[in-house]
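Chain naming follows the written order as A, B, C and D, and within any one chain the residues start at number 1.
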Amino acid sequence: MKVGLFGFGKAGRAVATVLLQSKEAYLCWVIRKSKVLQHRSVPEFLGIEHDEPGLIYSKDEFTPEQLFDKYPVDVIIDFSSAEAILSYGEEAAKRGITIVTAISAYPTETVALLKKLARKTRVLWSPNITIGINFLMMAAKILKTIAPYTDIEIIEEHFKNKKEVSGTAIKISEALSLPETDIKSVRAGGIVGRHEVIFGFPYQTVRLIHESIQREAFGDGVLFAALNLVHKKKGFYTMENLLIPYFNLK
Amino acid sequence: MKVGLFGFGKAGRAVATVLLQSKEAYLCWVIRKSKVLQHRSVPEFLGIEHDEPGLIYSKDEFTPEQLFDKYPVDVIIDFSSAEAILSYGEEAAKRGITIVTAISAYPTETVALLKKLARKTRVLWSPNITIGINFLMMAAKILKTIAPYTDIEIIEEHFKNKKEVSGTAIKISEALSLPETDIKSVRAGGIVGRHEVIFGFPYQTVRLIHESIQREAFGDGVLFAALNLVHKKKGFYTMENLLIPYFNLK
Amino acid sequence: MKVGLFGFGKAGRAVATVLLQSKEAYLCWVIRKSKVLQHRSVPEFLGIEHDEPGLIYSKDEFTPEQLFDKYPVDVIIDFSSAEAILSYGEEAAKRGITIVTAISAYPTETVALLKKLARKTRVLWSPNITIGINFLMMAAKILKTIAPYTDIEIIEEHFKNKKEVSGTAIKISEALSLPETDIKSVRAGGIVGRHEVIFGFPYQTVRLIHESIQREAFGDGVLFAALNLVHKKKGFYTMENLLIPYFNLK
Amino acid sequence: MKVGLFGFGKAGRAVATVLLQSKEAYLCWVIRKSKVLQHRSVPEFLGIEHDEPGLIYSKDEFTPEQLFDKYPVDVIIDFSSAEAILSYGEEAAKRGITIVTAISAYPTETVALLKKLARKTRVLWSPNITIGINFLMMAAKILKTIAPYTDIEIIEEHFKNKKEVSGTAIKISEALSLPETDIKSVRAGGIVGRHEVIFGFPYQTVRLIHESIQREAFGDGVLFAALNLVHKKKGFYTMENLLIPYFNLK
């Protein structure tokens, strides 16, 4: 599976690292705004040994058409900005390239564009693309259906300077129809990120806990998404859509 | 739903307490070996207010036929001994009474009997009938399928005098195809029971934790099983069978 | 060490259980308001085997003078009510009987009385007399002094119906000079009681956790207090006073 | 406080980062074996803004005498190798420079040298110099003395590829006189490091937990050690020695 990556910030680099270490994906190129790292080898820059080094290009070197002609890929992973897809989206969809985007928020028009592109190719958009968090959210929803009489509480812990309530915790509270105001936020030192959902039964307690080890634990999720989409039909997907079949026990 | 209970040890009493507090079940009677509490009211003995008190009978007061004639029930819950079903099983099955048994272990012949009875009625056998543990085991199996590359570890904590490895932890290890010898057993003070399954991803950790508050947290599970079976066809069931539909997300 | 116990509610019974199981204390009698259990044997009532059974008396059977004459003790443990000490205090202090009281709150005049009695005997008053909580509070204070730059957060978890913020959590927040409003309160199912103090360092986190297994975990603390006071001078003590010497490492 | 640092591997860089961010210490220079980074500015290399940049020198550029003449310091921090002190030790001690070394293991002769140097200056050696772990170890020892009847269990969790039992966990077990073989070792994914000491009381549980966020959480401890030693007499110290006064409550 040939992969191209838009965006090379902290998250983009983390994803590149996981892709380079995977046997199932081959990272062909990285596109970034700045020209600073232009034409450097991705594995060399990240200190990872690799036989076929993809290079870093700046976004103004090619039109999407030139890029996909010269360096064809099966999957695009987008950790850049909400604007990027406006330039490469149409061309990628036309060629049937799978698009996986983890941009936090898109304007309404861009969401509409994503859905339009999804008529021609597979498009997955998931602002939180980690497997652990998505699994936790789905498992919690199931347990709530099994035991609707339990009390559910959400605790999220993050580093001192995180001002706002965790977006992931808000998503969990929405998934469980709990008031966002009930989330307990702990801010202490350098905690990377910890989410805990507590189910209180009369005589037992179930705790589902997710701990981030590094702020950019997206790599596994991206790889999972890309590998899963390959076998899917055209259409618009979320991480939850991809995980559902795993929950359909027999 | 009219319920009859065999067995009134610690677990039986806990189940009776949950049934008495439920609006969906009505506990008609309790059968026990000893004559000590004969004809006492169950709610009064347990200190729970209740309008229609079921009584405690000793097992030699009636034949199963007399019992079911005089005090008909929809569901039998069995927390007594592996022998009890030998006496009441056939008669209950003939009448289509649902049987929920939580006996730890049955001899092979009795398991065969259970399956024979299941041709005539709904029979559920689950040595560990708590919702939390069964949920945890199923959720863990799913996460292993989603992320087969994770390292999975099981820690169980119990009170000092528990000599053997937790049977529940062994079940979890079997469900996850992990060697039983890998279970980490903590024995300390009066810990009632705690099971933790850890999934180690490269950059994140997922922990599924079940904590027992009282050693007999069976009541919720029994009530869940009884209420769910009502709508099912004849046949042999486990807690897992009843929970599967909740996992079938769409 | 001969012990007399005032109060035989949930907490009193828990303390009696620990005393009966200890080799160092001998529970001579229990005094309670009600006459219901009058003259029953304490170990028999609690289902504990014991050679020298102390009996349950009702408080109107004796004057303190008669009681201490007939059944002399070294230590009085008071889990009854804020009024009890008004009747037995003077007589006990005169005889040099150690007084250990765990009453939640005393009116100002009674606190003054306690201090007056402390001129004649050893008086310990600690509304929260569990070893674990007192240790946790002192250890937390020390860590704050060692690392004043850490962020400290307190989470307390209790059963659903506990309306108010945990008094123990408030004490911990006071000990650490943290605003009471910062305490995160989780209310879920049947959780007996869990207090966690989190110290956030830039690159590490320290968590001090206390979990109650039964709502009345006072026994160990009472026994610890009684055994420790024996070797102390007359005076007024708290649990913290008794624990300090253990912290004075060399 | 002027500081010089020997060693610039992962741990050395982490320590340099904390020193550069501190207002109480000024990092004058770093000495390393290799010439690769020779004469580069430490803050610039680490991406930290700083007014007075110390430089990186290679160890063969100066004799200790030349180094301390040209760039005098109050404290030396040694994260290099067991041999380094053989060259700089005598000269530093002669000048009364405080020495803080975190080398994992020294040959017996070098330990003897450390103690000899300690006759002339303050020497602190602590293979594990994190505040959290040292605090946890001391607090655990205290709780064991308070409640010798508790069951104590140690769980340590680390990344998959850590083969051996955690050295820190072994130290904790030694401090508590527990058999090293009882330590429960969890190996899963990318867990940086987690140590938990569980105290099991009959009706309560105390858990002391240390979580490392980055493998090199030494900086705080080093800074704490250096700042504390300044006011001490000549002599040989460990982290425990420096922490003891904080435990001496009044």
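Keep this in mind: contacts are C-beta pairs under 8 Å (C-beta built on N, C-alpha and C of every residue); 3 or more make two chains touch, one makes a residue touch a chain.
These numbers come from a predicted model, not from an experiment.
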Which chain has its C-alpha centroid farthest away from the centroid of chain D?
B
So, in whole Å, the Cα centroid of chain A is separated from that of chain B by 40
Taking each chain's centre as the mean of its CA atoms, chain A sits from chain D at a distance in Å of 38
Please output the residue numbers of chain C that touch at least 2 other chains, ranges allowed.
189-191, 199, 201-205, 213-214
Overall pattern in which the protein chains touch one another (line/ring/star/complete/other):
complete
Can you name the residues of chain D that touch chain A in the complex?
189-192, 213-214
Residue numbers on chain D that touch chain B, as the complex places them:
150-153, 155, 157, 159-160, 184-191, 198-205
Help me check something: in the complex, which residues belonging to chain A touch chain B?
14, 18, 130-132, 135-136, 138-139, 141-143, 145-147, 199, 201-214, 216-217, 219-220, 224, 243-244, 246-250
